[in-house]
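So that you can tell them apart, the chains are marked A, B, C and D in the order they are listed, and the count of residues begins at 1 in each.
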Amino acid sequence: MIQDSHYLRGYARALALVAARATDPDAVALFARHASEAIEVEQGLHVSLLAGLGLSPTDVQAAGAGPTTIAYTSYLLSVCATGTFAEAVAAALPCYWVYRDVGRELLARSSPDPLYAQWIASYGSPEFDAVVESVLAVTDGLGDDLGPYKRTRCHEHFAVTTRYEWMFWDAAHRQLTWPV
Amino acid sequence: MIQDSHYLRGYARALALVAARATDPDAVALFARHASEAIEVEQGLHVSLLAGLGLSPTDVQAAGAGPTTIAYTSYLLSVCATGTFAEAVAAALPCYWVYRDVGRELLARSSPDPLYAQWIASYGSPEFDAVVESVLAVTDGLGDDLGPYKRTRCHEHFAVTTRYEWMFWDAAHRQLTWPV
Amino acid sequence: MIQDSHYLRGYARALALVAARATDPDAVALFARHASEAIEVEQGLHVSLLAGLGLSPTDVQAAGAGPTTIAYTSYLLSVCATGTFAEAVAAALPCYWVYRDVGRELLARSSPDPLYAQWIASYGSPEFDAVVESVLAVTDGLGDDLGPYKRTRCHEHFAVTTRYEWMFWDAAHRQLTWPV
Amino acid sequence: MIQDSHYLRGYARALALVAARATDPDAVALFARHASEAIEVEQGLHVSLLAGLGLSPTDVQAAGAGPTTIAYTSYLLSVCATGTFAEAVAAALPCYWVYRDVGRELLARSSPDPLYAQWIASYGSPEFDAVVESVLAVTDGLGDDLGPYKRTRCHEHFAVTTRYEWMFWDAAHRQLTWPV
């Protein structure tokens, strides 16, 4: 959960960069709104979940961001800051999509632990589903204007950040720390 | 009003860049929210005001952005994309501040024209005042960490965009167009 | 000439941004080299030309950048910082191309004034011609991967900066200053 | 060596971003020149060294960038694209400094292997030493204008990229690959 707090701060800044390079006003508003909501999620859901785990915001700060969190957010920020709008959307998409599908799957199974149940309820909610659908709609609209080279780049970014999603959960499971 | 639509689109993207380079999560959320609200203002208030003037979104697109609008938004975007967070805030501040003070002043005088009155009510509102105060609070918090050189740069950006505010209203008044 | 000094500093930073968003290593090296050369031109050719006009680097600093110089460099920086690589190249191209063609044309006519002749010799030189040809080759290579929407955007940027080239020379001729 | 090729391409783009956010023209020229030289090193020294190891540029492309290479270059690019000039210099500095000191140390010990000796001769050369000294001079000039918060951020970036230097060599030694 601590790493998720650090992740959401980086993710919010990456989404703000996606907004900044959109040319369609609706897309500017969409990603800017998601950027501010990512911080609200971090400060709302997380504060209550972290409190449930006996952790304060100071603990989050003191623990620092782990290697996989830094690697994932740096990759997102670098693509969203120096790539095209389409590349930025492709890199940001897995986080939306994976959480929706994981939330949906876990909602079916549920959890007896109220902390897990709260997390599952957020990402498995119809509201989050609508958020993800709106981003998928933007993504689908990008294809027609992409040449073959740019399309390949978008697929690469999508593959790298999907891999980072896996590594992020794996790092949390293994409590991965910096080697030096 | 047409130029204001083009301006708000550029301004929203600049605010998203301010959000992306903030390090404090509250500031990320603040500027990202203002970025999405700038688009909502453009699409809400403006659509109704433009309709009142007999203009459609297609007219806005067809008219294009004028030379002062392009110069102002380009300056904002270039500072917010390549300067520091403090420089970006300094460049963005006049737009908030000038509109609040103009709105407040005009609210005192009011206007018999319902279109002007609607515009005045927005920028003279307590809600917009609270928005401006929150940005002034962020600005005040920046000073302690600025060296003398960076402080001078921030003052320069503030002076340039305040000048652009004047030129923007002047261009609208004079219906300024491109020389070639 | 003073405005040209300010222009070249902004142009160099814009070319560095073009380099940063190139994916082909040769293009990274090409635009980074041109960025450093733009500063060398400003400090070499200009110092000697400005000295010939009785102006020192301090005079350049004191005069400040004029409105058209700021508008042109801000536009370039904002496109090169937030647009795609293709858009950035399209925005930067007119400066290369116009100077080459003006240099070539003036070389045919020449000038009795040694200061003008020195300027003409630089931009009319085969070395500068090779520089421009290398950028045109990069530009030609971009077309195949552009969709119709992005292609239109590139044309727009090219049109705006070509217009700024005209306005830049016109501002120098008219000694244009800030209205406030 | 393959990872070093991928690294240098990212590093060159990061240095171009450092150049783009410098305000002093000399610093713009310095980092832009280093960006183009990083590509030249990759294409010159590397092609000959890689050929000595029986590897072609196609092998470099096919092998792809490893996890530590991606993490390190993404971190550099994200700081250089969204941080201040001082933060960008702090993040880029370890690569210059570590290679100079490693080159210098290995030069004292030398190597009987001509491939290693060629690498050592490059980074242990007086030319590379002068490059590093010029960057250290820029770095020393930054301190006076930094507030306490920004100074802490610069130290953090320097610590993270120094750690990545260690991890980069360690990954090469252990032939580290992606977990999924």
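Here are a few things to note about the model shown:
The rule we apply is simple: contacts are C-beta pairs under 8 Å (C-beta built on N, C-alpha and C of every residue); 3 or more make two chains touch, one makes a residue touch a chain.
If you're wondering where the values come from, they're calculated on a predicted model, not measured in any experiment.
Chains making contact with chain B as well as with chain C: A, D.
Between chain B and chain D, the least number of touching-chain steps is 1. At the chain A-chain B interface, residue numbers used by both copies make up over half of all numbers present, so the two copies contact each other through mostly the same positions.
One inter-chain figure worth recording: chain C and chain D are separated by 29 Å, centre to centre, where each centre is the mean of the chain's CA atoms. Chain A and chain C have CA centres that are 40 Å apart.
Chain B has residues 13, 17, 20-21, 81-82 in contact with two or more other chains. By the touch criterion stated above, chain A contacts chain C in their complex at residues 20-21, 23, 82-85, 144-150, 153.
If you check the complex, the residues on chain C that touch chain B are 13, 17, 67, 70-71, 73-75, 77-78, 81-82, 160, 163, 166-167, 170, 178-180. Note for the complex: chain D touches chain C at residues 9, 12-17, 19-22, 25-26, 28-33, 35-36, 39-40, 42-43, 81.
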